[in-house]
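Presented below is the structure to which this report refers.
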Amino acid sequence: MKKLINNAEDVTVEQLHGFGLAHEDIEVHSDPTFVSAVDGAQDRVAVISGGGSGHEPLHGGFVGLGMLDAACPGQVFTSPTPDQMVAAGKRVAGDRGLLQIVKNYTGDVLNFQMAADMLREDGIEVRNIVIDDDVALKDSLYTAGRRGLGTTLIAEKVCGAAAREGYDLDRLAALCRKVNIFGKSMGMALTSCTTPQNGKPSFDLPEGEMEIGIGIHGEPGVARTKIKSADAVTEILANHILEDEAYTRALPEWDRAQQDWVDVEVKDITFQSGDQVIAIVNGMGGTPLSELYTVYAKLAEVAGRHGVKIIRNLVGNYITSLEMAGMSITLVKTDEEILRLYDAPVNTPALRWGC
Amino acid sequence: MTQSVLTADTLRDWIRKAADVLSENRAYLTDLDSPIGDADHGNNMQRGFNAASAALPPGEDPAAVAKAVAMALISKVGGAAGPLYGTYFLALAKRFEGAAPLDIDALASALEEAVAAVKKRGKAETGMKTMIDALDPAAVACRMEATQGGTVSLAVQAAAKAAEAGASATVPMLAQRGRASYLGDRSKGHQDPGATSSAMILRALADVVAGR
Amino acid sequence: MKKLINNAEDVTVEQLHGFGLAHEDIEVHSDPTFVSAVDGAQDRVAVISGGGSGHEPLHGGFVGLGMLDAACPGQVFTSPTPDQMVAAGKRVAGDRGLLQIVKNYTGDVLNFQMAADMLREDGIEVRNIVIDDDVALKDSLYTAGRRGLGTTLIAEKVCGAAAREGYDLDRLAALCRKVNIFGKSMGMALTSCTTPQNGKPSFDLPEGEMEIGIGIHGEPGVARTKIKSADAVTEILANHILEDEAYTRALPEWDRAQQDWVDVEVKDITFQSGDQVIAIVNGMGGTPLSELYTVYAKLAEVAGRHGVKIIRNLVGNYITSLEMAGMSITLVKTDEEILRLYDAPVNTPALRWGC
Amino acid sequence: MTQSVLTADTLRDWIRKAADVLSENRAYLTDLDSPIGDADHGNNMQRGFNAASAALPPGEDPAAVAKAVAMALISKVGGAAGPLYGTYFLALAKRFEGAAPLDIDALASALEEAVAAVKKRGKAETGMKTMIDALDPAAVACRMEATQGGTVSLAVQAAAKAAEAGASATVPMLAQRGRASYLGDRSKGHQDPGATSSAMILRALADVVAGR
């Protein structure tokens, strides 16, 4: 293992310490651990997210003006615990309530649910919206369902902007749900990665082979194949995304009337000719930025062939798996609302424009 | 002679023993979580049960002990296992409440109710290659001893054995919940880490009750 | 070799194609290859730079409003050729002349000199300012001299802003020279890297060992040691930088009176207690962002111990060596002028604020 | 019988031959550039000499040939080697201009002036572990043949041999210019890639003149 770390058991703590020092507008809290923007969200709905560490800049790098109010990082590749979200929620939420954006991993879903239950007991109105945009997985009944990938980033950007515009909690939750059903992603890995705690790669991926349909936790994907050219790999991922059929599944949401978690049926879009999309070509951490542009070129071509136009793009490392080589592609269909909110000013460590 | 009721002391010994066993098996559990998961289960369990050990309250109330364990697991494990084991111990605590002395019937009900709570929380059933595949047969075995008029000591032995058999039985299964389910057919041929840690935890209880 | 590429012989071409598609404000030119901002620099001095590819986002990622007008990427780890700079210079420069910011590698220096000579024949006034900020190298007489590292980025930012403010060519060249003597850097590598053309790592770096004092071309450093903790590594680099004595050397500049290249003696600063600096903790490409924050925390501490205050920082992958794991540290002393220009609006693919 | 003057045809054959040899040795030259450089010298030389081959002009003027080679190298090699070899061939072209027929004296002067131009451009001297360490002895050897009244054929043989010896002699040297100089003492024990490619280029000339 070759890492710039001091103490493998404590990497997230030491990393967050530096993160706080480097970014004056962000406060780092410990026991329990979370990061929050120095400006609170008293007069509007607060937006928080979180998940395992090792995906930086997600989520801490997206805390700040026009995006997240707080983020809760767990141990490396391990969902955060409810006490973190409880502390973060209490810190940033005012009377207008709290939206929690949750990636669809069993651990994240359960821990954020527990947190929501606890915050509700403290009088804070909370909605959890689950992001499950990974088209590599087809089935939801016999699996844990589609994972949350790059659409999470767009949901955080758009909902952060909407909160600033004054959306109330219900409207914000509806917007977040819309972004989720408008977004689809898929990823691949050329190499595995090594968590500091384990000191050896999470799985073996020999020279000449790659994994298709990976998540973001250094886990293997849905299939292993011989390494293909960037164009061939991009074709596979882009076609999966662009031709993915409307996907129906039940996602847990809090029902205020029933005062319980209920399964809400949610159905995706299918991309149509004429759609205008935001595209992310996301590096997994160990792939040079330059290679992502080769992918972008092919992605634009494949999308064009489907009549889908990329009108905004992000090319870079946004949701990583430590030093894994590989990438994921995300397309999010836009409408006037999503585009306006996406273009709104944002000032966070990892995303900044308009100010 | 083995005890015929469970006390708060036994529960505390259980958790300490479980913490030791899970620490010893940290690398093993994490290795099980590598091919079909994200290679952290051992780390999570060690962290959680060490925290639970450190948080054990004094006193005679088994429910208070179970509750403290649940809270420590919930706030220290994270991942899927944290809320699920937290739910398990919360349900135990609920059943233990006012059930002193904790005899074999109360224990059987507690294990049944705990596994039911985990099923509900994780939307999982037996056969889906999860901790349920160890926890469920353990509850069934305990209930069987209770029906046959057995002792707590025999019941926890039977539960541990059933859990171990259940964990082994996950090897050929197709995973339908948790991260392993993403792998589809590739999940077959690997033992589920959560079922394995469940078997270890129940074996720790049996050992403690047997005075080992 | 595990890379997202199509044709190893042509990677830069395919990557630049995607880069151009992704960034509407940037034009990609071929035969010869360069990228330029769509807005020219007719009414002000133009600023260009360039160097081997494989260091992305440098330099193309810094083309745009308030920074570079054009960048000339060579083959991977190989200086660009003069015809590239000639074409770029002709494209972006108006009557007020052209500043070329050149990193001190023999190839870069020579190729940019030849380009300057050719542009001058075409009636364009050109200044080349060489950046040589790598404190790992002590000597300039018996070596090729200190290499150009992270100070290059600050020079590009500050000079781009100054050109927009209307600085004339002489003043801009003087400013660039000042940034160079105000900046010091040093890097280290945990792993080697593989150029697409070669298909195998440029050098061997076994488990447990690291290179200290590397450049950015996948070459070994000035010393090899056992891997140390992030804190220990940071101490070494930061102390080298903070305690580096004023360094005197001769750098080639065009002398308008003599109409020839002359060696100008240049002398660095030494950092003093009370100095305020811009800090870069730069990832070499394969090191997770999170680890760079551990380095930043220690850097801030070591600087503080020397009475040096970090008032601006960049933590991320800015000047990379493909997928190499490792990092470099840069400190640039600021004064009112440098800080004002650093803070000025910038809108490029890799650096954006204030607009 | 070997020629006693160099013609534009010989120069063209030389460059084509050099391109072949450098292509064959691409991996070798790049490998030499790995421990003490940035592992691209073979790639650079192959690219450059292939471009030079493709850019060879027709006609009888040796200077025009050398100039076209220089321009191709300058615009296709990049790195340090591009401008330096470009400078070398530009200097050859300058000396060739009007020097027809190109006899041994003109050749000796051309090689001397070319190496002088490279030294000036790169601020390097012999003994610094660069291409100079091959180019310089080659010029000296050629001049010696000229002084002794030798033939062009003997002169280019002597130059190639001297260049090869010079390249070998770079092994123990401490690099003082180019990337290898960054390594300090660690640069010792490796043969300089640029000196090696220079020896190959001069050997190609000798072979072409010898009709091989």
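Order of writing sets the labels: A, B, C and D. Residues in every chain begin at 1.
Note that a contact is a pair of C-beta atoms (placed from the backbone, for glycine too) under 8 Å apart; a residue touches a chain by one contact, two chains touch by 3 or more.
Computed from a prediction, not measured in an experiment: that's the story for all the values here.
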Original post:
With chain centres set to the mean of the C-alpha atoms, which chain is at the far end from subunit A?
Top reply: D
**OP:** Could you please state the distance in Å, as a whole number, between where the Cα atoms of subunit A are centred and where those of subunit C are centred?
**Re:** 32
Subject >> Gap in Å, rounded to a whole number, between the CA centres of subunit D and subunit A >> reply: 56
Subject >> Sites on subunit B at which at least two other chains make contact >> reply: none
Subject >> Contacts with two or more other chains, residues of subunit A listed in rising order >> reply: none
**OP:** Could you tell me which shape the graph of touching chains takes: line, ring, star, complete or other?
**Re:** line
Original post:
Taking all chains into account, which pairs touch?
Top reply: A-B, A-C, C-D
Original post:
Once bound in the complex, which stretches of subunit B touch subunit A?
Top reply: 30, 34-35, 37-40, 43-44, 47, 74-84, 86, 121-122, 174-179, 181-184, 186
Subject >> Touching residues (chain side subunit C, partner subunit A) in the complex >> reply: 1-6, 11-12, 14-19, 21-22, 53-54, 56-57, 61, 190-191, 207, 210, 227, 229-231, 233, 285-298, 300, 313, 315, 317, 320, 322-323, 325-327, 347, 352-355
Original post:
Residues of subunit C touching subunit D in their complex?
Top reply: 32, 52, 74-83, 105-107, 110-111, 113-114, 136-137, 142-144, 147, 195, 197-198, 202-203, 213, 215, 217-222
